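Each of the next two complexes has chain A plus one other chain: chain B in the first, chain C in the second.
And then the complex of A and B:
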């Protein structure tokens, strides 16, 4: 039996339909070159944001346990296909790419609005995001989506238990684990440790090659690119300053105790 | 010409690389030291599709192209050459022989089991008296009823004691010389078929290598591969596949050498400076990198020809000859860069040398590769 589900309507199926938001980021091993107030994109190796990968893995685990459909979505200018194909190869059901040159200058809020617009058109029970991207590290999109869609947010989760319409999520907090309970639909953002993402099997890679990606653009979502004006402006981007501080331990000047204390502090 | 990998090939690399880093490398040293066959890794590789990458999906493989195949062999080879040898034999020699020359019944019977890791395969060509010159093999196949009876022995057969199915070459008609050589599938447990492990190997210590014995061993007619007399052709064709995987595996060894040397030379201080800053050390690492890239490009060229279905014996020989010799050079220098520490198995570089060496010997020695290449360029055959 196919049950059509909409947000807010009592569900008769225990399936959990999940949307996972993906971002393409430069490989953390890459040597990043600053160009103006951005980074030079040519020649970079791009990967799926590792935190989003935890999101994909979690979605696949939930699907295996509860049934449902997993859809991945990304928004941006070129190159998003690679991260969508990776998620398809891992086993997600559908991939949506909001591909529009108008997204080039959009900031986190603009991207969140575009994603929210696209997501609000599909029935879902759960949205999973990475807790942040490894490049800009703003940690913005998950929270903004929850706000724009008017649903709860639990950020940086390391544990998740779903039963029926409610769930329990564990978050790591200073010195312990906080457990929160809420009902679906909700936005959850994934922290490292939530799971161990699977490697796409070769058969999955071949299957993903044949799967279709669904393309959307700003006009089809009824968004005018000019509305995506950034309220924030990046003023500058600089390399971190490297400070090398050596400490000279002099046999005559310090006591053995001080020396031992120092060694202990660094090991 | 396009030097970019396709998105699928990049994903294959990502999967293979992660598998090598997370699963193979952590156990490679111990498997080598204890001469322990990597059963658990084989079990883990099967669902990922590594045991049948280039076999069509309908026979249980992944249906990938040969560049992807090279990427898998390279990454597995970077982790452990014993394991790379096991999958070379499984995929390139056993599965591809059955795929190309086997009957439909043989394909359906064996390929899903081999690709799925339920079966291991081996390839028995070499004999005590016939190595570089396989045409001189003595193992005899005599017709009996609707089948054949094998008598003789094979040696240096990778996975020989463990394989559930062996591709075996035997002389069915000595009067015809090499045109009498015929290929068969022999199942483990067939009466008259036995094996004995070869121990004390310099390298490939986690892989199984064995002598095989056939004493009045009856093989049903349905286990004939190809036609009687086609055996040597089948064997040489299989080696075109096998050598490709060996070459790619050697690129992996070189990558392992480069990675180890870059890390070590920056951390190791002598004369108050990292040894990476010494020109003579940079000389070794630079040569290693150039050799590695050259070998990888030769492998990719051969893979490109395979993808197009073009004959590639010479190009594959070139890749195998160059990559295996370059891997020995790279591993020798990698030990040198590591100084005394490189001489111990605390670091992987001494294993790289022991494992690289065999690649200049098996699937045709470097001398034999040069004779194949020489004949091609000179038009004069140096051996019969």
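And then the complex of A and C:
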């Protein structure tokens, strides 16, 4: 039994209430093209960030084992409904969308502050995030939320066991897995391998279409858009030069010998 | 000041610390600022001399609670140490430690964080950081909105040359970590090494296999070649999705980004998703049956042929030539 005083409400429950943060990203197979100082958005296929999907799946597994409510939240300019509906179709209970024109162009620093503000108004035991998004690849939001909310962070987890108020998580580090122990509330970020996300069933997809999304905006959170000015300004976007004018030979004993010689010369 | 946070394994600094110092010097010299190294640990004085000629000042952050990395202890110690000091930049290695700690320090020190940095320039006093986004398909260059503002720079491993010995003769000073054990909430209980594997981001040689390998057994041949070259085995997403290799060795946008000295792609066509994770390698070699495979466009050397026939001959050739493992 967890007995905890939070925001003046005495909660007596063994349930684990979970918030999962979601981001909409271009599909990793997409061809990303530079347009002006940004990326051409037209024609891109958008998906739920794959690492966030591990977060949603883990939340649903914890709910099945411990009970509790799973809420997903996203913050940004238009288009976030798709990723919220995907999570609803997978089986989460509630979806929150911080939708505000003032968030257009906001980077991970601003988005973290907005999410922290919204989350701090809700009782929760656990926050799950993807370890990073596949577009910016900053891996910032999870750590920033932990810092802003003053709760422990365990990043890039591949294993998780919750028992009561404590948990044990396996973090992916160079060469292996590190076991870390801490107590809830906490922020955990999901690494690939944590679970296999379920495919939404047709019934779930139909139900998700009718479920209500709760909308918030910056004024309702008491945030002035000017406070969200990015602390890092973009100077340019460029394509890396990845092409190499290498030698390509058909396989025969001579070419393989030459290939071996090349390997030997560089190592 | 330009600060560099050392990363240690046990009580030894890791090589990536020298790369972070190399990156730090790219800022310190043009900005005419001192380059200072923070060495956290339970006995950092024991290896401070390694860095004497590579930094202007070395600060020992000594505490038994810093013997193993745990983010709240490190965050507490580094924040307490830096909060009253001028920070133009804090360079952290982009390892599992730096990626964990960087965003926490960004909040506690109230300075922005920039990840996956592969290029550093100073232009008219402004710090320009180039970083990989969209899995390296695009390079984004940013600068601090506040012209004199600080920034935490997380660097990609192997993107920067290790710092050479400079003219400086660093001084070593001790600082108190000021940690209170009771306030620490993260307990590190243990570490399990993955079965005999060298970590992909640390391996000097990666022999990587894709759909063309054909089966889990097919990877044995790649393992033999990798062992001969002193490296390890990687895999493309299709090989992982087929269940032939674990996801921990997946290279690409949804796997690891690797920058070894030698990347040998075997039976990998070279989808953008995969290229995103390996084109930063020093040398890229490829073996593929399809002469039009995109992997050849990003390769320094390619062999068109069946990898199952090419690799055994290649192994014999390398053995005959007495190839030495990468040190």
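We adopt the following convention: the second predicted complex is superposed on the first by the 233 of 267 C-alpha atoms of A that agree within 3 Å, B and C clash if a C-alpha of one lies under 4 Å from a C-alpha of the other, contacts with A are read in each partner's own complex, and residues count from 1 in each chain.
The rule is short, and it goes like this: a contact is a pair of C-beta atoms (placed from the backbone, for glycine too) under 8 Å apart; a residue touches a chain by one contact, two chains touch by 3 or more.
Being a predicted model, the structure only gives us computed values, none of them experimental.
Applying the stated contact rule after C-alpha superposition, one finds that A:102 touches neither chain B nor chain C.
In the superposed pair of complexes, A:130 makes contact with neither chain B nor chain C. When the shared chain is aligned, chain B comes close enough to touch A:81, but chain C does not.
With both structures placed on the common chain, the touch criterion links A:185 to neither chain B nor chain C. If you count the residues of chain A touched by chain B and by chain C, you find the higher number for C. When both complexes are overlaid on chain A, the residue A:91 reaches neither chain B nor chain C.
When both complexes are overlaid on chain A, the residue A:148 reaches chain C alone and has no touch with chain B.
By the touch criterion defined above, A:201 lies against chain B but remains apart from chain C after alignment on the C-alpha atoms of chain A.
Residues of chain A that touch chain C in their complex: 26, 28-29, 31-32, 34, 39, 50, 109, 134-144, 146-148, 152-156, 168, 170-183, 192-193, 229-240, 242-244, 246-251, 253, 255-257, 259-264, 266-267. Of all residues in chain A, those touching chain B in their complex are 47, 81-82, 85-86, 89, 199-203, 205-206, 208-209. In the complex of the two chains, the chain B residues touching chain A come out as 7-8, 10-12, 14-15, 18-19, 47-50, 53, 57, 62-64, 68.
Across the complex, chain A is touched by residues 70-72, 75, 95-97, 99-104, 106-108, 111-116, 128-129, 132-146, 149, 151, 185-194, 197-199, 201-202, 204-205, 229-230, 246-248, 250, 252-255, 261-262, 264, 271-273, 275-276, 279, 282-285, 287, 291, 296-306, 309-310, 313-314, 317-318, 321, 323-326 of chain C.
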